[in-house]
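Below, chain A partners chain B and then partners chain C, in two separate complexes.
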Partner chain A sequence: MAATVLPARAAKGGRPRRSRRLGEHLAGWGFVSPAVLLIGLFGMLPVLWSFWLSFQETDLTSPGEFAGGAKYAELVRDPLMWEAARRSAVYTVLFVPLTMVLALPIAVMLNQRIRGVTLYRMAVFVPLVTSTVATGIIFNWLLNPQFGPVNAALAKAGLPQQGFFQSPGQALFALVAMTVWGWLGFAVIIYLAALQAVPADLMEAAALDGCGRLRAFRHVELPLLAPASGFLLVWLTINSLQLFDEVYVTTKGGPLRATTVVVYHLYNKAFVDFDGGYAAAVGCVLFLVILAVTLVQLALTRRASSYEVR
Partner chain B sequence: MSITMTGRAAKGPATRGPAADGTAPRRRSRRPSPLHLVLLPLSLVMVAPLLWMVLLSVSTKEETRRFPPGLPHGIEWRNYTGALADAPLAHWLGNSAIVSVSCVAGNLVFCSLAGYAFARIRFLGSRALFVAVLATLMVPFQIVMLPTLIMVRAAGLTDTLGALIVPNLATAFGVFLLRQFFTTVPRELEEAARIDGASRLRILVQVMLPLMRPTLATLAVLTFLQTWNDFLWPLIAVQNPDHMTVQLGLQTFQGAHNTDWPKLMAGTVISQLPVFAMFFVAQRFFVRSVATAGLK
Partner chain C sequence: MRQPSGRRFTALVTGVALAAGLASGCGSGSGAAKKITFWHGYTDAQATAIGRLAGEWNAAHPKQQVQPVFSNNDNTLQKTLASFVSGKAPSIAYQYGSSLSALTGRRQTQDLTSLVNGSPDVNWNDFFPAARQGATASGKIYGVPALVDNLGLVYNKKLFDAAGVGYPKPTWTWDDFRSAAKKLTGDKRYGWAYVSDGTEDTVWRFLALLWQAGGDLLGAGDKEAAFDSPAGQQAMQLLADMAVTDKSVYLDAGDQQYLNLFNSGRVAMMWTGPWDLGQINKGVSYGVQYLPGKVTHASVSGPDIYMIFDRKAKDAAWPFLKWLTSAEVHLRFAEQTGDLPLRASEQKLPAYKSYLAKYPGNKVFIDNLNQNVTKARPNIPEYPRISQVLGTAVQAVLLGKKKPGPALAEAAAEVDRILAGS
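What follows is the complex of A and B.
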């Protein structure tokens, strides 16, 4: 341990107040400066820098030229941008409610004391530690139109073969299915933690008052889960607006751009078309949208979660 | 927030599940709960993709075409040796380990220092700085990555492991998490040490940090998972296969072997082994850590 060799400098008792205060300021700044410098350099500065980049004509390797609001004007007129925004919206509107609606009853079931519940929990949580690339490879196989087991099962059942990731009409839905599988465990963990924080005596009181299990859930537990739901709503929405990795490892934005969501469009602009200014402009708009979504949802859930245990 | 992983362990703490009312265990011993009818198929659906991955990784190419799948006739280890021969999977795993362990170490040190100062030292500008750090939690990575790439290039870190490590050495989440826990430690504990003349650093290392082992471990687990599974940043920061993490390497492996499914699955299994091992050994702890992230 490094600290044991450090001399204990502060004199016992009789140190003048002012130098003590100064020492505190210096200690404070000394302690926070490594983290604050790193976070400032890689978390704060890049935001301003991206904002500045969005007014530039730049390929990100050579110095750019000032372009005014041209990139934003281009973005607003770009049909690809609007398509991408629509796809991100469709994805979010499907993924977020689906994950939450599935997670809540699963969390309630996994909160019961039944035999083997530990194994059930592990089964639900294990996709969470499966990396996105591994998930993508596995689903590329499962949903493979020629050799995949899902189509083989459909064939056995006498149903028509599907294209999944290779069908422009289905690829986005296949992505929803894959990501719900991957994220379900996270939502279940959040709900489970909230359920286990419900005081046992509240439920006992409800039972004593002749309240059935279902009614107790509806009127006691469900309101207490509002903060967890609010958190999940914000967290899952933010993540689905930033969808990229899952697309890259499965469809690469295709087929026929059917899965080119906002961040994939940004990636294409920055690293395929080398239009850094445009990509930065997309990033800035995304930031504003995420900020707005977060603030609106926080305001809404704050009102919803005003129910308190007294 | 903590989660009781085993149903039976719910005897102790005051916060426990609704069914923990003393009647459940007796009923359980008489007849199995009808919930198994839902939970069993559900668990199978959740695990099936991963079981399939393992099954495929030891099958021959011909066996992969069978449906419904049966057990393979023998274990085809050649898929594994083939995957290891075709791609530097072990090297990529090593790169990922270097990157993740460095980021975990950086976060533990820097976030402890900053978290402690923000919680306990009253210094000029501390509140404004802390709010600024918190604000970065809302910033999407996509707006940060382009300037970060320019900086990394300017610093000559292009295509090095340093490009993957340096920007992730300290995170706003880590600072926030540790600060929250430092504020819960009773002040009396450090005041005694202060009166004895111990320095701030000494108090942090010898008094505070030993009290926070579970929280530090939580930050370590979350940082490890985050950096281990990171994809977009390595994708744009690294092109040289020598410096790829296992996720990025596996993606290039997929591009090269997307017709040889057994070999591809063998590579995928290898890439997942460390994290799966961690999960099975410390799943209770892992679940508790993820629940803590939800506090955010």
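What follows is the complex of A and C.
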């Protein structure tokens, strides 16, 4: 915006009074400085510090030694790192689309004028505000292979018993199910807000033109939801690549490392093996991967939402 | 190893919630005369007991005020290390014995060897051997014993009666144990429970098995793996036979459900320590016995220690620790908490009788300390990584994903690599 204002001023030839501008600047900085300070202190500084750390051989407490790119080389050669990356990828590819695909119909339903809609909306939102630790305990109990209600129900239905979190082959999928449940409310709220922002006259016009409810959804509402979908895609992807808490409170990366995703691997390296440099290197690589994925997704979303400009 | 006794998650939540308060709490002591900050993970009765003792000390020593602060059990190592970075290290902190090797190399960690040797009134050799070993690394003393425990066989008498199985005897062999577990297993009921999350909780029970079969974890001088041996094979095979073939073992994924299941009559036997006895429901009639044996009936101890991390507070913290772990004071603490005695001489004090009357189940664990706890986990910096490797191997066998032979061979090769320094 500043770019458009400044030339206009220059064209008028008016020179802003220096003192007033300075005063405005100071006031502006005064307003933003608490946020800048906090974000700088707790956001930027740790990021820069961990970047510097990734070139060190350090146990995090005693002063480290400069190690150059050794930690990055170690990371590339570490089979556990690649395993963890593959798991994070599988998790993300399942978690993100599943959450979005399930959230959309729920949001559409909650957008209807039905009795008690507030109650339903709240019910959908509750998992999101439930603490991860509580969620973890509940799912550990629900999915307990020997005594959990889920296996009991499967047995009643004559279906085979499952190992869930205790089966190396199923744990990651159980984690997907648990986190989809936890994040669904978030995606529903975003979609719901977007649906409510669809102008009523657009829908009215579509109806007048003889457009059925389903076609109106397909050709009017759905395109208008593209920015919301784009946001969800980016946001959920970032979060699923950073998956940690849910693993920590359920499987602790097991069984047999089946749920050791990238950030859990990082945690193990940093706080079990005390290899701070390696862990920081993982963090930096993850940062770059997330940055790249996000940029691609943003570009794709922008193209999909380009009707706004037209 | 003091277990959070099924309250691991509660501890985690409280720990996180308290983190903020803790950070401010330990920073505020600088102005006062001589504040000794004392991090611990005690809850319930233990917290009350330690608070009372600290109060008693403070009343008698106005110049050496001890301030107990709840930190956490499971994450206490991480928190302590974080405090080193922030420069606000606690004067004293309760640490798992298994964390010692991660702390010995630090500038903040105080070597207590000369203090111990210089104070005959400590009577160091009065501490049980397992407790002493837990506080010692490469010949140096870094801590004062805070807790010594060990594993015993705790069983539900009613389930034994119902299955027509005789109660465990001190002379039980592995075969007796396995066949009893099999008979006790039935519809939604398991003979035994084993923590299979691959952590140290998985490993130390395996160490007991390994020692019972006459084996050991590492070779002489801790330079190479020694567990890929006939003894190791037998130990792993027992786990495979019971967990995979007989399916008589409830595999606890690390959420410590085994105790709840013992309480509800779903698990008939557990290998656990005195810390769990207080959590057994009143209605459950249980007995305690030595672990079953092969060559020996070896048990394993997870001794915990108090360590000093503040050089300036060292002189003030030392008398307090000496007092806290003296026979008379510790027995008073134990009487309120059910902890085992730290020192052999506690068994000779008059109050010991009422202690035993209050905690009859502890008798076997104390006898264990006197005769079956002879070996200790190696206190070497590589231990945490060795534990991870071995934990994964045991887990793979329990889940039936690997045969004992290959699991041991692969783990031994990995441990050799770790010990060789790569």
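Operating definition for what follows: the second predicted complex is superposed on the first by the 273 of 310 C-alpha atoms of A that agree within 3 Å, B and C clash if a C-alpha of one lies under 4 Å from a C-alpha of the other, contacts with A are read in each partner's own complex, and residues count from 1 in each chain.
Note that in this section a residue touches a chain if its C-beta (ideal position, glycine included) is under 8 Å from a C-beta of that chain, and two chains touch if they have at least 3 such contacts.
The model shown is predicted, which means the values in this text are computed figures rather than measured ones.
After superposition on chain A, the partners chain B and chain C collide with one another. In the superposed pair of complexes, A:Ser62 makes contact with chain C only, with no contact to chain B. Once the two complexes are overlaid on the shared chain, A:Ala27 sits against chain B while remaining clear of chain C. When the shared chain is aligned, no partner comes close enough to touch A:Gln170: not chain B, not chain C. In the superposed model, A:Val133 lies in contact with both chain B and chain C. Within the superposed three-chain model, A:Phe147 lies in touch with chain B and with chain C [touch as defined at top]. Shared-chain residue A:Ile290: touches chain B; no touch with chain C. In the superposed model, A:Val249 makes contact with both chain B and chain C.
Contact with neither chain B nor chain C is seen for A:Gln162 once the two complexes are overlaid on the shared chain.
In the superposed pair of complexes, A:Ala228 makes contact with chain B only, with no contact to chain C. Ranking chain B and chain C by residues of chain A touched puts B first.
Chain A residues 60-61, 131, 133, 136-137, 140, 147, 249, 271 lie at the interface with chain B in one structure and with chain C in the other.
Considering their complex, residues 1-4, 6-12, 24-29, 31-32, 34-36, 38-47, 49-50, 53, 60-61, 106, 109-142, 147, 149, 152-153, 155-156, 181, 184-186, 189-190, 192-200, 203-204, 207, 213, 216-217, 221, 228, 231, 235, 238, 241-242, 244-245, 248-249, 263, 266-267, 270-271, 276, 279-280, 282-284, 286-287, 290-291, 294 of chain A touch chain B. Taken together, the chain C residues at the contact with chain A in this complex read 9, 12-13, 78, 81, 84-85, 102, 105-108, 188, 190, 196-199, 250-251, 253-255, 257, 261, 266, 384-385, 388, 392, 395-396, 399, 401.
Against chain A, the residues of chain B that register as touching in their complex are 1-8, 10, 14-21, 24-25, 28, 32-33, 35-36, 38-40, 42-44, 46-47, 49-50, 52-53, 56, 64-65, 67-69, 109-111, 113-114, 116-118, 121-124, 126, 129, 132-133, 135-136, 138-151, 153, 166-172, 174-175, 194, 196-202, 204-206, 225, 228-229, 231-232, 235-236, 247-248, 250-251, 254, 258, 261, 264-265, 268, 271-272, 275-276, 278-280, 283, 286-287, 290-291, 294, 296. The touching residues of chain A, counted against chain C in their complex, run 59-62, 131, 133, 136-137, 140, 144, 146-147, 165-168, 249, 251-252, 254-257, 271-274.
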